């Protein structure tokens, strides 16, 4: 089969980069042309990640080595893409950036985000923002098609938005009552060592952090506000648990009067009827992290507590796939005119 | 030192029983007189639990062997205590029952609870209910002192009630908006094997269950209603994560108008000012499961999301200690007129 | 692409069965015709294993439903294949059996094995033994090609034999000094619940079992004796650690006089020079379970303790792949005349 | 009760330091006078280790702050004790050093050890070596009593030596055939972050390291040689598994002709007949890490593979207790004339 599309990955040695490699080496239409990073330059990627032995032996190049590729993945932290993307955009490459650099398409919105993460609030490439699109395919498929730059969504945001958008859009809930209780596996914090992710500390730990202050909230509110057609402010609690891969978000909201469970379920089923990567489950079913781990799927489990008339959605994703590299490749497929599921029908292994 | 109080444990080989043994063998005032169970009868307890080697070598007796003790712990499932307690009450023993059998002091309330767990709704010892007390010391210390029977609280309930009671009692929140997102470690399900707690299944799993239907909700609502002086119905989601010991409950509620963060913190600090086993943390601090694991403490972390005016409490306990055996011994101390912290100042080990 | 080979799996709902499904659904030449089990009959496989959603939705049939397939996988415990294989052999199917039923090609050898595992020592299909072959491709590739029945090797045995065969065959060690210290992940014990694999028990456990008595030793000794041309008896210790997937076996043997490290390494490098699924590592390199987890590879790390003149091999496999379903499909490829690596170039995901 | 002995801990914030604190705060005869460290100076220890809340709130002092204590624990890495101990020895304090600084009582032996760990081979306090004693109580109780300085043993060494000493001393094995296959939990590497102990990397990892080169081998050989009365060189493989606390060492050696299993068991039972912290198990019993985790016990499980006439000992300890802080306090008890078990009868919690 001809692998006609070329791709380069900057930040190839982080979890997001290796996730993209794992997918792209199996993608029938893609050839990886080069891998780039700031560490481990000159090593083969399968020396850094031995599980890639026999699958990818590309030598890691400097981050600023010349790149020629149809798609350039910036699997990099905040602040890199905005500085480096222009060169590749000019050369005609399409950009997919994992960070928050291109998730907000106005300087003002970006400034708010930057303030949350303690970064300089002026965007380094303001003129590019207008041609960037928020990369959640389920909500922005058409815009992604022709975008020069896609701002891949935050992992918590994917889980939260997919778990809430149908309810918001359809108007079945009181949006002022929305609460997101979000739980992430440890890989969400990336490859960088940290005392709180040191194995002996983490193995029996569970904790909340950045309570009410997590930066992914901004994406959630922006997207849900757009869906609602009015400004929405939400309560969001980020938490970490000792699993490695997975995000599970509980979404709570008061149902509007007269909305039944059946109606709520129908809203979700309809909204995602044609989505290849979102599965809606009803209250008689059951779903957990093991159901989506290792896949690009989002599982949305619809429940209603009839005693309090509260919608309870459990939204599950693999944070490194649908929450990161999987969504990135899904976006690439859309941008390149490929079938959206190409290369993304892999599954996890059990147990 | 004279160990003047005698104690017997029925259900000694479950997690709740062994938890009581671990505490009582180090308790300066208590002698364990006999251990009882339906399985492993005739074996020494340190054969069943080798970590007890050198500490307790009592032979396990049948559940119905004669018992003579000041305190009888029913570390047994629902339905046992209500059938067996009468004998020991008559003989003058004080009873501490771990199950739901004596958590509800009217037949009507018990019937509701029994329905939730699929049990016969008629209580087998209705006449004893009036002399039973709900065993959450922080709320019922005075009644526990003289109770013939204490119904030890459910683990989720301890975490939820301690995380919410000050806010409810003080009237700083809109109680109609209360949501409890509760996460338990695996030991909460006890010693009995189950495919969903088989190591290869559970190690990367996280899931919700009995959504809106968990039986511990009844205790939570009963206690909070009493604190509020009016009926409260809450939304409660039970979840399991791959830690072994620990419960972490996020409590959400809309603050009433004009209530500041400082006021909210003060309400919690005041409420627990004299409580030896509850520690209140402010938003500038940080707390996680490792802080309470292995101790009888409850950590209550008070936060407010000012953007949505929502109180966010993170309530952490060790489910097997403050959530079970630790509370049981705390109740025993109160019933026997001992200092409440006697034998309960142990800590976990780190890491 | 034409998927011309048909396969049926008996025991489809165990870990070995689901492992085969995961591989075969991605295998370019294979169509799964039917899945069979004794439990969950009538359910779809993706109801039992939700991670298969979108990938395989076959309904599980009874174990004795009619089967028509080029290859029949018996992913079943000891004692099933020997009773059921005959029917399918007669019908022209090729058989791959996961159990010990067809690992020993004489009744006498089988009887010894059966005695070890406490089974009836008379084989139920003695006449089929002569046409069965031990399914370790690296040692029996040519015989497997035409075998009617392949007895897929035990997981510990794969790791032990591949770690020792080159040294034995080449005569560089004193075979009387061989010691195998073998460590398995928990999935080696399968899907069946057991108190010792209950999550709360296992999470910080490590233990040896069946010391000197594990049944896989017989395969190891038979194969190594054949390689040596003389009878070899080995010391073997089976152990379980709280990982889910993986086997790591330390192989120890005294080097014969004059054998250098370089010579030993060369023996291993030569032996496996053309093997697609065995990678030999030298003492300056480093390898661990994460290197092979999720792949069909065996990593053989060659070390010598020069102070004691002892060969130390660390042999790593994924127990469910190269140790079970991966080897099974490798055998199928050989039997069906396909390239040996077809469908087996998958890798694990990291982290 | 009068707590008449004073103790100071240098290196109080490492795992070895906090382990000593956990024991000493419960020790009936000891008062901790001061805690010292290079990091976190000025913080309270219960801020650094929140699980100590309510138990120890001492402020951490600089490593070089004045110390006045009967016993000074150097819970410090190699190279600290040798430079700092002299001051406290002169002042009359007794020293217990966790590192290798005082495990070898001649400059020549120390030089060999230092070379192994890549340190300067000249000891900084050679004159103190003669008054230092190797702190494995079971072998050196009498010398420890009056030692000015005790070199607390390495964790692997404790497990290996206790598992082998009786066999060596009694002459029942061929000491030239000794192999130690040693497995450690992750806490053995301490508190310092490291990519290989980052949670997402470690959770399904198992690997060997420093094969044939681990520095603890020197202690093992020195002690076993002394027990044998002749020089012994052993094969030793260090490995790490994803448990947090625990060491399990498999000891292999060929039995001398005519030595039966019963004889071997008797040798071990006799050797440890009066030892409070060593339990010998026979082949019909079973033992694992959960049996000793959280206690100061060493479990020695005696097995013989009769087919190969090989002694197989499984030696289990908690690496942070009997392997570190527990042994340290055991040594302190001996040095201070206290009952050896004082303060050391704690147990782990289960599950």
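The chains carry the letters A, B, C and D, assigned in the order they are written, with residues numbered from 1 in each.
Note that a contact is a pair of C-beta atoms (placed from the backbone, for glycine too) under 8 Å apart; a residue touches a chain by one contact, two chains touch by 3 or more.
Keep in mind it's a predicted model, so treat the numbers as computed, not measured.
Asker: What are the chains that chain B and chain D both touch?
Answerer: The common neighbours are A, C.
Asker: With contacts defined as at the top, give the pair, C-D or A-D, that has more of them.
Answerer: More C-beta contacts join the chains of C-D.
Asker: Relative to chain C, which chain's C-alpha centre is the most remote?
Answerer: B
Asker: Rounded to the nearest whole Å, what is the centre-to-centre distance of chain A and chain D, using the mean of the C-alpha atoms as each centre?
Answerer: Their C-alpha centroids are separated by 47 Å.
Asker: In angstrom, rounded to a whole number, how far apart do the mean CA points of chain A and chain C lie?
Answerer: About 38 Å separates the centre of chain A from that of chain C.
Asker: Which integer distance in Å separates the CA centroid of chain C from that of chain D?
Answerer: 39
Asker: Counting only residues that touch at least two other chains, what does the list for chain C look like?
Answerer: Only 15, 187, 191, 200, 203, 242, 244-245, 287, 290, 293, 351 qualify.
Asker: Which of the residues in chain D end up touching chain B in this complex?
Answerer: 15, 18-19, 22, 49-55, 187, 191, 203, 244-245, 276, 279, 287, 290-295, 297, 320, 345, 347-351
Asker: In the complex, go through chain C and note every residue touching chain B.
Answerer: Per the stated touch rule, the residues are 15, 186-187, 191, 193-195, 197-200, 202-203, 242, 244.
Asker: Which residues, counting only chain D, touch chain C once they are in their complex?
Answerer: Residues in contact with chain C: 177, 179, 181, 183, 185, 200-201, 203-209, 211-212, 233-237, 239, 241-246, 248, 250, 252, 283, 286-290, 293, 301, 303-308, 310, 312, 314, 351.
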